[in-house]
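Going in written order, the chains are labelled A, B and C, and every chain counts its residues from 1.
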Amino acid sequence: MTFLSYLISGISLGSVYAIIALGYTMVYGISKMLNFAHGDVIMVGAYVCFFATFRWNLPPVAGVLLAMVLCTILGVVIERLAYKPLRSAASLAVLITAIGVSYFLQNAAQLLWTSNPKVFTSVVGNGSVKLFGGQLSISVIAIVTIAACIIIMIALTWFTGMTKMGKAMRACSEDKGAAQLMGISVNFTISVTFAIGSALAAIAGVLLCSAYPTLMPTTGSMPGIKAFTAAVFGGIGSIPGAMIGGILLGLIEIFGKAYISTQLSDAIVFAVLIIVLLVKPTGLLGKQVHEKV
Amino acid sequence: MGRYKRPEIKLVPVPSPNIIPERDVDKFPVLEALNLGIDFGGLTAVEEFNMAIGCTEIAGLIGPNGAGKTTVFNLLTKVYQPTRGTILLNGHDTYNMNTVQVNKAGIARTFQNIRLFSNLSVEDNVKLGMHNHIKYGMWSGILRLPAYRKGEKQAHERALELLSIFDMQDLASQRAGSLPYGAQRKLEIVRALASGPSLLLLDEPAAGMNPSETDELMENIVKVRDAFKIAIMLIEHDMNLVMGICEGICVLNFGKIIAKGTPSQIQNNPEVIEAYLGKKKEN
Amino acid sequence: MKRISKTAHSNLYTYGFVIIAYAVLMLITATGGISSSLKGQLVPICAYVVMAVSLNLTVGVLGELSLGHAGFMSVGAFTGVVACISLEALIPLAPLRMAISMVIGALCAGMAGALIGIPVLRLRGDYLAIVTLAFGEIIKNIINCLYVGTDSRGLHISFLTNSDALNLGEDGRVIIDGPMGISGITKISTFTTGIILILVTLFIVLNLVNSRSGRAIMALRDNRIAAESVGIPVTKYKMMAFVISAALAGAAGTLYAMNYSTIIATKFNFNTSILILVFVVLGGLGNVLGSIIAAAVLTVIPELLREFDDYRMLVYAIVLILVMIATNNAVFKSMLRRVLGKIRPSITKDVKEGP
C-alpha cells in the first residue's frame, strides 16, 4: 500500500513537472531558447491565485482563471519586450536575457510581496479519498493534478495536430523563414506559444502550491529547473516527451526520497537524467539531428 | 616531420581490380575503394563503388545532383562509416579508423559548403592544418618553453610558404571569415594541403568562381600536384575544369558508377550523356 | 608577424591592467580610503575574476555552454579547506599552506572535471548545458551529505550519516559537517594571494589560447567537422579545455572559501554558476580582459548599491536585460556602429555565435 501511495504521489508531482515542462518544450521548439524565466512565471501565477482566493475571497476557479489570464499577459509581454529584439541573436545572449527576466521577476515579487513565505491553502481543499478500507488515502489535489495533466495533454495534442494555429506553430518550429513565406505570422505564432506556455505555468503554480503549500519569490526556480530537466529528459521540443519526462521525473524523485535517501533525491534525479542522455543523447523522444557535411 | 604510427597492416586477400585507366597502370594506387557502399536506413546511397587513384593522378568524380558524390568523400574520410566494402590507403585498410586517423594516414579534404575556422586568422587556419606536424605539447605552450618558440617559428614560415602557392601570404593576418568567397575556397585547399596528405579531396573547388578565377584554380591544382607529388580527386560541375585537368574521370549516378575513363572516353559515353541530359525519345 | 605582436600586446594590457589595479587598490587601502564592506569584497572579487576567466575558456574559447561551473568551485573550496586544516600542524607558514591548498583544490576540481567531462563532452549544445547543470546540482547534493573529520589517526570520511559516525578520537575535529559545511576556518586568503592567482590564471589561459593546443580548441568551436578533417582529435582538446577550466575554478574555490570563517555547499549553487556566466557573456565571449572587468564591476556595483538594498537586484536585472538587448539587437548594433565608426573585430577574440 505504501508503494501505491508513493506511486500516486510520484505521478501527481510528475504531472506538475509535466505541465511546466510542456511550457518549456513548446517555447524551446518554436524559438530554440531555454526560457529560464518560465519557473518564475509559475511563482507569479501562484501569488496571483493566492491573493485572489485568500485575500479577495474570490472562488478558487476564478482565482485560477485570473492567474492564467495575468500569466498569459505576462508571458506575452516578456516575449515582446525582452526576447523579440533578440530573435536573430546568438542563443547565449537570449539565455542570459532569460536569466535577467528571471532575476527581475523574483526581485519584483520580493518587493511586492516580501520574502516571507505565504501559506498557500489548497484550492480544492485538503480532502482525501480513502480506498481499500482506509489503507490507501489519495488527496483530492493529487487526483485533480493528474486529471488536469491528462486534460492538458489531450488538448495540446489536439491543438498542435489539428488546428490551423497548431500547424502554424509546428511550421514555425521547423523553419521560420519558410513559414513566413507561406503567410504565417511568425511573431503572432510565437506570442501564442508563449501565451499557452505561461497559462500552463499558472495552472502548474496553483497545483504545485496546493500540494506543497509554501509560497516564496524563489518557489518557482527549483521546480523550473526540474521541469526543464524533465523536458530534456523526454527530448526537448517534443510534447509527449515533456509529458513522459515530467512523470518519470516525479516518480524518480518520490521513489528516490522514499527508498534511497531524502537528502540525495535531487542528485538521483539528475543522475538518471545524465544516464538517459548518455544512452539517448537527445532525450527519450527527441529527434536526432544530423549535421550535413 | 614525425609520421603517424600506422595500425598493424591488414592484408586484404582480394586482388585489386585494375581500375586505374590503362595509361597509368605503372602508378601504385594511393587509394583503392573496393565494393564500397553505404545505406541510410533502408536507402542505399552508394553501392559497388570501385575505383583506384594513381599516386600522382588528378581524378574527377562527376555526376548529376544527388548522385552521391559528396557521400563518397564522406565515406573515404570516414565522416560516415561504410556499410560495405574496403578502403585501402597506400595499401593499408582504413577499417576501424575515424576521420582524425584517416587524415593522419593521408587523406585531406575540402568541403562543398566552406568550413573554415572563420573567427581565426588565415595563418592560424593553415597552422591548424599542420596541427599534427607541429611538435610541442600543451605544457610547452603554456610555459613558453623553447620547443614552443621553435615549433611556432617553423609553423609560421611553413604557413606563409603554403599560402604563397595561392599568392595569399599577404592575407595571413586577416580573419578567415572576412575573406572573399574565392579566397576562402583557396584557403581551404591550403589548409588541407598543410596536413601533408597523399590524397587531396576537393569538393566543388570552383563553385561560385568566375571563369578567370576558375582558370587560375585549374593551373593551381596542377601546380599543387606537381609540387607536392600527391593525388587529387575532385568533385566538380564545371566541365571545362574537369575535362581540362583530370586524367581519369569517374561518373556516378544514383549511387552507382556508370562510367570510368579518360576525359574523351567520358565525353562520348552514351550512358553519361543520358544521365546528364535524359533519355532520347524512342522513335 | 603583425598579428602575433598584436595578441602579445593585448595580453600585456591584460597583465598590466591587473597589476595596476592591484597597486592602486593597495594604495587606497593603505591610506584608508576604502570602505570596510568593499575591502571585504577584494578576495571574492579575485575569486570571481578567476572563475570568469576559467569559464571563458569553456564557453568562449571552446564554445560549449556550461551551467555548472560553481560545482567545480565547490569541489575546490571543500578539498582546499580540508587540505589546509589537515596541513595546519605540518606547514605553519600560512602563505605556503594556502598555495598548497589551492593546488590541491585545483587538482581535485580538475579530476572532477575529467570525471564529468568524459560523459558530458559527448553531448552537444543545450544537452551538454543541461548535463553540466545536473552535475553542478549533484556535486552540491553530495557535499551536503558528506562528513569529514581529522584526528591523530588521519582523515575520517563518512557519507549520508552524521558527524558522530566519523568515530573521531579525543583530539578529533570535524571539518565538513554535512549541510552545515565547514566552520571555524582560519581566514588566510589575502588580496595579494588573490592577485597572484589571477596572474597565474591569466598566464595559463592566455598562453594556452595562443599556442597549438589553444588553436585546436578554438578550431573545435568554429567548426568541429573541419577540425576533425585536418586531424584534430575532438575529445582530447575538449577535455583539455574543460579540465583546465575546472582546475582553475577549483583554485578560485579554495581562495574564496579561505576568506570566510564558514562555508556551505549551497553557496555554490546554480545561481552562482549563472552569475559567473553573466560575467563571461557581458565581458565578451573569448575576451579575457572583458571577463576580468565584468567580474570586478558586477561584484562591486551591488555592493555600492547597498543603500538601495531592496531595489538593487531589480535594477541589476533590468540593466542586464537592457545590456543584452543593446549589444545583441541587430538594429541597435548597426546604430551603435554608425556612431562609433567602424568597429574592427579582433581576430581571435570574437565569436560569431554562442553554442
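Structure notes:
Definition applied: a contact is a pair of C-beta atoms (placed from the backbone, for glycine too) under 8 Å apart; a residue touches a chain by one contact, two chains touch by 3 or more.
Since we're looking at a predicted model, the values are computed, not measured.
Chain closest to the overall centre, judged by the mean of its C-alpha atoms against the mean of all protein C-alpha atoms: C. Greatest centre-to-centre distance from chain B is found for A, with centres as Cα means. Mean C-alpha positions place chain A and chain B at a centre distance of 50 Å.
With centres set at the average Cα position, the gap from chain B to chain C is 43 Å.
Separating the CA-averaged centres of chain A and chain C is a span of 31 Å.
Shared interface positions of chain C, i.e. residues touching 2 or more other chains, are given as 225, 352. Chain contacts: chain B has residues 79, 111 touching two or more partner chains. Touching of two or more other chains is recorded for residues 293 of chain A.
Those residues of chain A that touch chain C in the shared complex are 28, 34, 82, 85-86, 88-93, 95-97, 99-101, 103-104, 106-108, 110-111, 221, 225, 228-229, 232, 236, 261, 263-264, 266-267, 270-271, 273-274, 277-278, 281-283, 291, 293. For chain C in complex with chain A, the residues that touch the partner chain are 59, 65, 119, 122-124, 126-127, 129-131, 133-135, 137-138, 141-142, 144-145, 160, 179, 225, 270, 274, 277-278, 281-282, 285, 310-311, 313-314, 316-318, 320-321, 324-325, 327-332, 352-355. By the touch criterion given at the top, residues 1-4, 6, 203-204, 207-208, 210-216, 218-219, 221-223, 225-234, 240, 345, 347-348, 350-352 of chain C touch chain B in their complex. On chain B, the positions that touch chain C within their shared complex are 77, 79, 98-100, 103-104, 108-109, 111, 115-121, 123-124, 127-129, 131-132, 134, 136-138, 140-144, 148, 151-152, 155-156, 172-173, 175, 177, 191-192, 194-195.
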